[in-house]
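Below, subunit A partners subunit B and then partners subunit C, in two separate complexes.
What follows is the complex of A and B.
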């Protein structure tokens, strides 16, 4: 017996890889920048001493440091890993389509309730990609509640954006650590590397929206917004 | 010229601050979004330029631009990012955009241009 195929599997694998590479790229650039700037400062100081002229290896080795840092940065500029842009198929869709796809494919234990106001709510997006973003939020919420808990996926049109909210009955988010939930690779759940919210936010931002924590008295609530502007983003046909 | 350098990476903060001080700038530093915001909105805050790392542990440098414009209307803002493609071509509103591992002479030219200074002093 074969398991049912996950319709978001490819998008998820690529998004995960893209987010992971992006995080590594950012962190490596930080290190390269420090090495390069420190070497530049030391070289400039050394040029004012006899050492620079007396030992030809000194300028030579400083050049090797800089050239190596440049070479590493060039590698980071290259195409490391797959890009989700190649899979993106944006079109006009009703707001219900990505939400229903997310709900149908979410790998969650607790009950998932979906309540959407979709009257006349159209979006310009790849429904699979937005479904993946919503599924990341739903699965993140499901992990925060017990098996018997409930996760709610709600959606309603705002003036400029359509707003999805994923609400759980878990322990909630400490207000002092509200921004920490978006730190990449800082997951605290066993078996999870902590990229789901970053993937969701990257996708939302591509479509002129965002993901943010909604203040809540009980449990946790995360909102994912998408612009209601039906004009394709600049980098898309 | 007084600059506020905002970067959550200590090594980056130190090396860039040292190089900028060597160029004659007075450099104040902030290690987080929260610390930077507190310095920007502090009564009497006076900076000619704010250099904002885009990816701070507790927020995005881009999200500090509004506070810079409101509280430091004369200051120029330069965004620094290791993932520069996310800022390229966008109307991010900064006066300059600086790729993170750019050689210092080129980075200095970007900063000077944003501050409205001659390319070399």
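What follows is the complex of A and C.
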């Protein structure tokens, strides 16, 4: 018996890679900055000693460090890893389409039910890409309730944006940690890398929206917004 | 004379400590904070001449910290630094009047030039039609800005404290003459043109003559504020 094919597998693999490379780039740049600044400091201290003039290898060493850091940064500016832009196929879709795809393909336990309540509106987007973003939120919520109970995926048009919300009945998010949930690679769940919310946020931002924590009395609620502008985004034909 | 004090904010200890050490070696007093909450607390406790802050940090990010600090002492220049090539949060800070932006890993010489400029609290000079209104709008965003009486007097009005000049390119030859006069000054000034009717030849001459950017009217004020911050960061590279 063959396993059913995941319709979002390719999009997810590319989005994961993209997010991972972006995080890697950021972290490496911080380390390169530390090395470059520290080498600059040590070089200035060394310039005040006789060693600087006596041994040509000393200034050479610091030049090699600075050139190497610059060279590594130049490489980071280049193309590393695949890009989701090449896979994007935007079109006019009903808001229910990506929500239904997300719910149907979410990898959640048998004791967890995803309830959908999505009000109609037309969006201009790649439905697979938005489904992937919503699936990341649904799977994140499923983990929060230990794969049991109900996760609700709601959608409603707002004045200037379409707003999806994923609501669970778990322990909720500590208000002091609201920003930390978006720190990449900082996941606390076993077997999870901790990039799902970043992927969702990257996709939402491409469509002029965002992902944010909604204050909730019980459980946690994450909202994903998309601008309802029906004209194609700037970088789309 | 007491040394100028710089608040260095970054959750990445290596960047923060090495930056502070270099600034101290350069003669500044450097105070470190590891996130936005610590930075705002330090900023409330005592005055600083300039702040250099990372954008992405836990607890409170650099942009939220920048807004808090602007509320307390709006005149203090805040330099944003980031390790991301594109950063939505950063764009918000630039539009709201951050002094400049630098991208990690930056050369320390760029930081030294930027800090030396920033602690002087340089001004933006606006010359040409609508200069007074535009200068007032820039001031409302927390920038030091003033208007020149006319384009012909722009170079003289720039004095020693102007590092960015906004010229009305619709004035044609007058604006280009002002650009040339500003270029002859000993002190370099970044030039930004605003235009609604200027022909492509004028824009080409302005840009090929060393202009930093040309904005088409009507442009949102934030676009100009952002161009000023980017011009300052880029000027410190050279």
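Simple rule for what comes next: the second predicted complex is superposed on the first by the 213 of 237 C-alpha atoms of A that agree within 3 Å, B and C clash if a C-alpha of one lies under 4 Å from a C-alpha of the other, contacts with A are read in each partner's own complex, and residues count from 1 in each chain.
We adopt the following convention: contacts are C-beta pairs under 8 Å (C-beta built on N, C-alpha and C of every residue); 3 or more make two chains touch, one makes a residue touch a chain.
Keep in mind that what you see is a predicted model, and the values were worked out from it rather than measured.
Enquirer: Is the arrangement of subunit B and subunit C around the shared subunit A a clash or a fit after superposition?
Expert: Verdict on subunit A: clash between subunit B and subunit C.
Enquirer: After the superposition on A, what does A:116 contact: first (subunit B), second (subunit C), both or neither?
Expert: In the superposed model, A:116 contacts neither subunit B nor subunit C.
Enquirer: For A:69, using the defined touch cut-off, is the partner it touches subunit B, subunit C, both, or neither? Pick first, second, both or neither.
Expert: So A:69 meets both subunit B and subunit C here.
Enquirer: Does subunit B (first) or subunit C (second) touch A:103, or do both, or does neither?
Expert: neither
Enquirer: Which holds for A:200: it touches subunit B only (first), subunit C only (second), both, or neither?
Expert: Touch partners of A:200: none, neither subunit B nor subunit C.
Enquirer: On the A-aligned overlay, A:223 touches which partner chain: subunit B = first, subunit C = second, or both, or neither?
Expert: It touches nothing on subunit B or subunit C.
Enquirer: So, does A:41 touch the first partner subunit B, the second partner subunit C, both, or neither?
Expert: both
Enquirer: Run through 81-89, 153-161, 171-179 or 207-215 for subunit C and report the one that clashes with subunit B in the overlay.
Expert: 81-89
Enquirer: After overlaying the two complexes on chain A, where does the subunit B footprint on subunit A coincide with the subunit C footprint?
Expert: 22, 25-27, 29-34, 36-38, 40-41, 44, 66, 69-70, 73, 179-180, 183
Enquirer: How about subunit C: which of its residues touch subunit A in the complex?
Expert: Going by the criterion above, the answer is residues 12, 14-15, 18-19, 21-22, 25, 56, 58-61, 83-85, 88, 103-108.
Enquirer: Once bound in the complex, which stretches of subunit B touch subunit A?
Expert: Touching subunit A from subunit B are residues 9, 11-12, 14-16, 18-19, 22, 33, 55, 57-59, 82-83, 89, 100-104.
Enquirer: Name, in rising order, each residue of subunit A that touches subunit B in their complex.
Expert: 22, 25-34, 36-38, 40-41, 44, 66, 69-70, 73, 76, 179-180, 183, 234
Enquirer: Write out the stretch or stretches of subunit A touching subunit C in their complex.
Expert: Going through subunit A, the ones touching subunit C are 22, 25-27, 29-38, 40-41, 44-45, 66, 69-70, 73, 77, 176, 179-180, 183, 205.
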